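Here it is, the structure, as structure tokens.
A, B, C and D label the chains in the order they appear, each numbered from 1.
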Amino acid sequence: MDPVCLVMGAGAGIGGSVGKRFAQGGYHAVLCRRSDDQGLQRLVQDIEAEGGAASGFLLNAAEENSIEERIDAVEKEIGPIEVAVFNLGAQIGDRHLADTSYKAFELGWRLATFALFRFASAIMPRMEARGHGTLLVTSPTAAVRGNAGQHSHAAAMGGRRMLCQSLNAEFGPKGIHVANILIDGAVDAPDTLGKLLGPEEFQELRRTRGLENDGLILPERVAETYFHIAGQHRSTWTHELDLRSFSDRPWWNH
Amino acid sequence: MDPVCLVMGAGAGIGGSVGKRFAQGGYHAVLCRRSDDQGLQRLVQDIEAEGGAASGFLLNAAEENSIEERIDAVEKEIGPIEVAVFNLGAQIGDRHLADTSYKAFELGWRLATFALFRFASAIMPRMEARGHGTLLVTSPTAAVRGNAGQHSHAAAMGGRRMLCQSLNAEFGPKGIHVANILIDGAVDAPDTLGKLLGPEEFQELRRTRGLENDGLILPERVAETYFHIAGQHRSTWTHELDLRSFSDRPWWNH
Amino acid sequence: MDPVCLVMGAGAGIGGSVGKRFAQGGYHAVLCRRSDDQGLQRLVQDIEAEGGAASGFLLNAAEENSIEERIDAVEKEIGPIEVAVFNLGAQIGDRHLADTSYKAFELGWRLATFALFRFASAIMPRMEARGHGTLLVTSPTAAVRGNAGQHSHAAAMGGRRMLCQSLNAEFGPKGIHVANILIDGAVDAPDTLGKLLGPEEFQELRRTRGLENDGLILPERVAETYFHIAGQHRSTWTHELDLRSFSDRPWWNH
Amino acid sequence: MDPVCLVMGAGAGIGGSVGKRFAQGGYHAVLCRRSDDQGLQRLVQDIEAEGGAASGFLLNAAEENSIEERIDAVEKEIGPIEVAVFNLGAQIGDRHLADTSYKAFELGWRLATFALFRFASAIMPRMEARGHGTLLVTSPTAAVRGNAGQHSHAAAMGGRRMLCQSLNAEFGPKGIHVANILIDGAVDAPDTLGKLLGPEEFQELRRTRGLENDGLILPERVAETYFHIAGQHRSTWTHELDLRSFSDRPWWNH
């Protein structure tokens, strides 16, 4: 039985590419996303066409028990989750405080922080019982600095980052690798950046900065680093690393 | 009419002392806390006995509209809030992930992160309309690192810290001073540390490390720094600073 | 005998203002700077005209023994140094790597890092013997991030910041307060910013951003915070804080 | 002609292992170290025995022109340096300020900071002319926090880290990948940890924490991550990551 790589947030960007990469590396990729069943099935078929194993599930992470039941079912029906990738985003664009409703603020937390807590609560005990496992978390720049307009996003992602640290502190010594991967730049991803910008602006950005100039982070390249981190020997683990295009300014430079 | 200094979380530690200090500096101190009406009344009387102005209100910050209605009432009945101090704690002691319930995790967020968002949502527009004002936030060490057992606390406080940054980024240029004060050490406070340790262990710690040796952070000394920060000229503002006893190790030293 | 506040780098900006502020607070201000004896004497006279005590010395900090001998002489002839302020700058403007000579790189280190080490080596044993004392260090944004063109400055100031931490770790528990004050914005200072920009551009910046709009950090306001930090009770010490104008973006915001 | 991977500081720990790994990946490994010619020749022979290409040079990095001339010679006689690894250490053990001589402080800077500046000054223009290249720098925990006794080491390594950032800021957009790899834990390395502890204590530590328990960072595992980072596509570069054993506490946890 193949080890399982479960991806929470497996859209057409980083999550889907990470699933593919682990499938190429011999994992059964279990892909979970909120919507677009067609896109999900296409992803599963792509992996299977390459000779890999994959399953896809639609799942609303904000819904009670959705994450927990999926993890239960995967462990029972597919196999032990060896690598768990938490890749849910919660970017809602820049909004003034006055335009950030309580509901939007809470939803940011539900998706970005609380969903990771639920995810970890369901998976870590199983990994602990097995004595090994890997939890890879995707974080945006907002996890390390709060820009104007990012009230909901920054608060939620700052919480996510600290949770990664407390999970690592408890579970690292038990043989479970927790890594926080900071995506510090624009990703060439139709499901997130594409939706934020709209189709025309997105294609223009891809044309000018991205495909010709490597100025957008390419999801399939990100996936290589996720795969490397998951393969690190336990004598030599990375907890946090950043990723951006060569032409992007790191968050700390003006 | 005196300018108002509103303190959310005005117990017998930092919050109460900060209220006192601002009252000494000519502010009407409005003290809000969850419980212990007797202690609250004593605090108000202490301030009045010194010739200062103070009002006290019991308030459950986790309850819907509690914060918002109090701010409305203060602005209408007492006066414009010039300095708003957010000092709610959410420490529940060290707990393994398996012992951290969803409810505990969510309550941490409700008190540490969401309550600050509600507090800011109610106060900032008023300060913005007036073109000035100060928001002082107390944060614990867990805001900058996630230790084992601190899942709820670290996630909530990491969120709080990023929210301070996004608030500062939006409101600084509008003349409102937002500062995050990192309390990186044990505070000589019966309401928090005292309850966490129990009365005997707390008194022993006070005796050995604290009163004789200045090894516990003294709330009335903290209050001096809060008052200084609130008085900084807008050409020269601090957004973040740390505080600890001389004998304590900063969080970054082993 | 008044306690001594020694300022290394007492030009017309932060250093001079800090000296003045401590003189107003009852200290004998000992002002050291590299050049402009006239400016130095004017500063001393200003302080004395206000009823304060001050002495001024020209001193090339890059020169062997210059700092050490001055400290010796001050301790012998004026009195014990209670507060030592290290305020030497080393900004040489933005230069590409190819335009940064070994000499420029080394000089940056000599002034920004090594001079602090020499300063501390001379002062800390005296403070340790007395069981108290304060070392206040000024750092620029380059101490926390390396921008393009800042090779010499960033390397030197990053070293300075870590040295502040190691000094604090050794001497804090011995009762000596070490604080690193991060000046994260442009200062209204003719000796540094003025020279970097040239007189016309500097006056234009002062006019548009500064005096009318509080958009430049005002040295006399900075001095208030230095004085406050030096006065903190040892139960409640700050090791690091940032300062910038309300209208400036903190270094972590884009 | 194979691309060259030049390793400055190629002892029996991380540096040597990194050289080996790049040789396995098709690079000509150029290994530079200060002493132990026998060990160096053994390393070269090990690589050649595996079918790889390697050259070894003794070199005192503190000496004038040593680094610069070696780089010149390598570029002329062996080939263009595609990957440059800067792995010089400067740990001298914990020393009180009073026991840290000016000479020791300066030597720390010469090896840890200035040698990197010289290394980069010699290599970056060549990489810039070619439009590609990778600079990998090893940093210790002291680069991010100054512990008691680490005055020389922390100041020097804090400078190194900021220099990595300023180099990245200037050269990233020109297609040159600069990464700072933070080794946050004890490494199973006889040349550094072994010498610091002495042979008996080192073997005891290896036995109890290391080989049986993966509690020491294994250099050959570190090398895998260096190789991965060097291979990242320029759309997706890491600038900083940490490495430690699963059982070690990260520097930010107490």
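Throughout what follows, contacts are C-beta pairs under 8 Å (C-beta built on N, C-alpha and C of every residue); 3 or more make two chains touch, one makes a residue touch a chain.
Only a predicted model underlies this, so the values are computations on that prediction, with no experimental measurement involved.
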Counting one step per pair of touching chains, how far is subunit C from subunit A at the shortest? 1
Subunit B and subunit A are one sequence twice: same or different residues at the contact, by the over-half rule? same
Return the chain whose centre of C-alpha atoms lies at maximal distance from the corresponding centre of subunit A. C
I'd like the Å distance between the centres of subunit B and subunit D, where a centre is the mean of that chain's Cα atoms. 45
Quick one: report the Å distance separating subunit B from subunit C, using the average Cα coordinate of each chain. 31
What parts of subunit B, by residue number, touch at least two of the other chains? 145-148, 165, 168-169, 249, 252-253
Going by the contact rule set out above, which residues of subunit B touch subunit A in the complex? 96-98, 100, 102, 105-106, 109, 113-114, 117-118, 120-121, 124-125, 142-143, 145-151, 154-171
Which stretch or stretches of subunit B touch subunit D in the complex? 144-148, 249, 251-254
Per the touch rule, the subunit C residues reaching subunit B in their complex are 165, 168-169, 172-173, 175, 177, 188, 214-218, 221-222, 224-225, 228, 231-247, 249-250, 252-253
